[in-house]
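A, B, C, D, E and F are the chain letters, set down in written order, and residue numbers restart from 1 in every chain.
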């Protein structure tokens, strides 16, 4: 019955990678806590780099600085 | 003052259906707990089927299996 | 498969009231969108009135003003 | 290490405004609680007006009533 | 920079099990998407069984039925 | 109408500090986006250090290493 929410920046994760995240997170709950995978829900949110900040700056801005 | 977040897969919910979810969830809080509807907030997130997993599989993949 | 999160202030909701919220939210998703109730998850968060703000004030503070 | 999630309706917030929200929220955690800005994460969700309700009505519907 | 939120029912997960969930979820993001573990945040919410519902019933109620 | 959720580790934030977070976050939305403070909701979640991880370790464990 667990619910897992994974938030990442929207930077090209493929359907295959997202399927692996879902499979891996579900497996983790089964292995560590013996949860039932059939009712384990995983939701992935992909967030625009303009909308994600760390250290007080947007990821968009941090990426530009790295490119300089 | 309650806050309700409804997450569903993005599979064609219409504006009318979303309005009914918002109305119904607000009404539920009023009826059960006597909350003030004027400050009850409902937010609906529609999530791509590639980004939603249950039973360790994406909904995209589950839908394809059903079609077989 | 929907996931519903209901946040309310922690002010004495009873187990019966919480059960009604869970039943009502599940029923709403069934009626409006034809979702499967067996995989519909509802999670209620009860938040201390010190930790909830509206209009820039904590609910603790708003309750005290009302009592004056 | 704090995590801040800001949900607003999707009504044209600019990248500059979103950068200011991220900067301001990070600064707030530093000033009030002495948190380390380098590990403070801020995520902004912009929600369609059809998917946001208050007072039992969608924001789309509230905006239309105001225009009348 | 990812953020992972794991919600489980509050039914006795030990600090060791929670540490394994945090380690495993972080490792998953590193392996699948090459994310930096140093800025990967994992938050576990443990929810009272009265406050978690599936199939329209609280987990408290489901547990009692199983014991009959 | 914005909704802000602030998650911090549970390490002794006082009611006064939490009131300042609520006031500051509300003010930020007013200043940057011209939002109405009366319908701006701020919810603070305080999370046990066993339940918060960064860099693959719990904050409980990180705090112990710092004390060594």
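As a convention for this text, a contact is a pair of C-beta atoms (placed from the backbone, for glycine too) under 8 Å apart; a residue touches a chain by one contact, two chains touch by 3 or more.
Since this is a predicted model, take the numbers as computed values, not measurements.
Touching chain B and chain D together: A, F.
For B-D, the equivalent interface among the listed pairs A-D, A-E or D-F is A-D, as over half of the contact pairs agree by residue number. Centroids of chain A and chain B (each the mean of its C-alpha atoms) stand 20 Å apart. Averaging Cα coordinates per chain places chain B and chain C 15 Å apart.
With each centre defined as the average position of its C-alpha atoms, the distance from chain A to chain C rounds to 26 Å. Each of the following residues of chain D touches two or more other chains: 1, 3, 7, 25, 39, 41, 43, 45, 52, 54. If the chains shown are joined wherever they touch, the resulting network has some other arrangement, not a path, ring, star or complete graph. Of all possible chain pairings, those that touch are A-B, A-C, A-D, A-E, B-C, B-D, B-F, C-E, C-F, D-E, D-F, E-F. Within the complex formed with chain A, the chain D residues making contact are 15, 18-19, 22-23, 25-27, 37-46. Across the complex, chain C meets chain B through its residues 1-9, 13, 17, 20-21, 24-25, 28-29, 31-33, 35, 39, 52, 54, 59.
In the complex of the two chains, the chain B residues touching chain F come out as 1, 3, 39, 41, 43. Chain contact summary for the complex, chain C toward chain F: residues 7, 45, 47, 50-58, 60-61.
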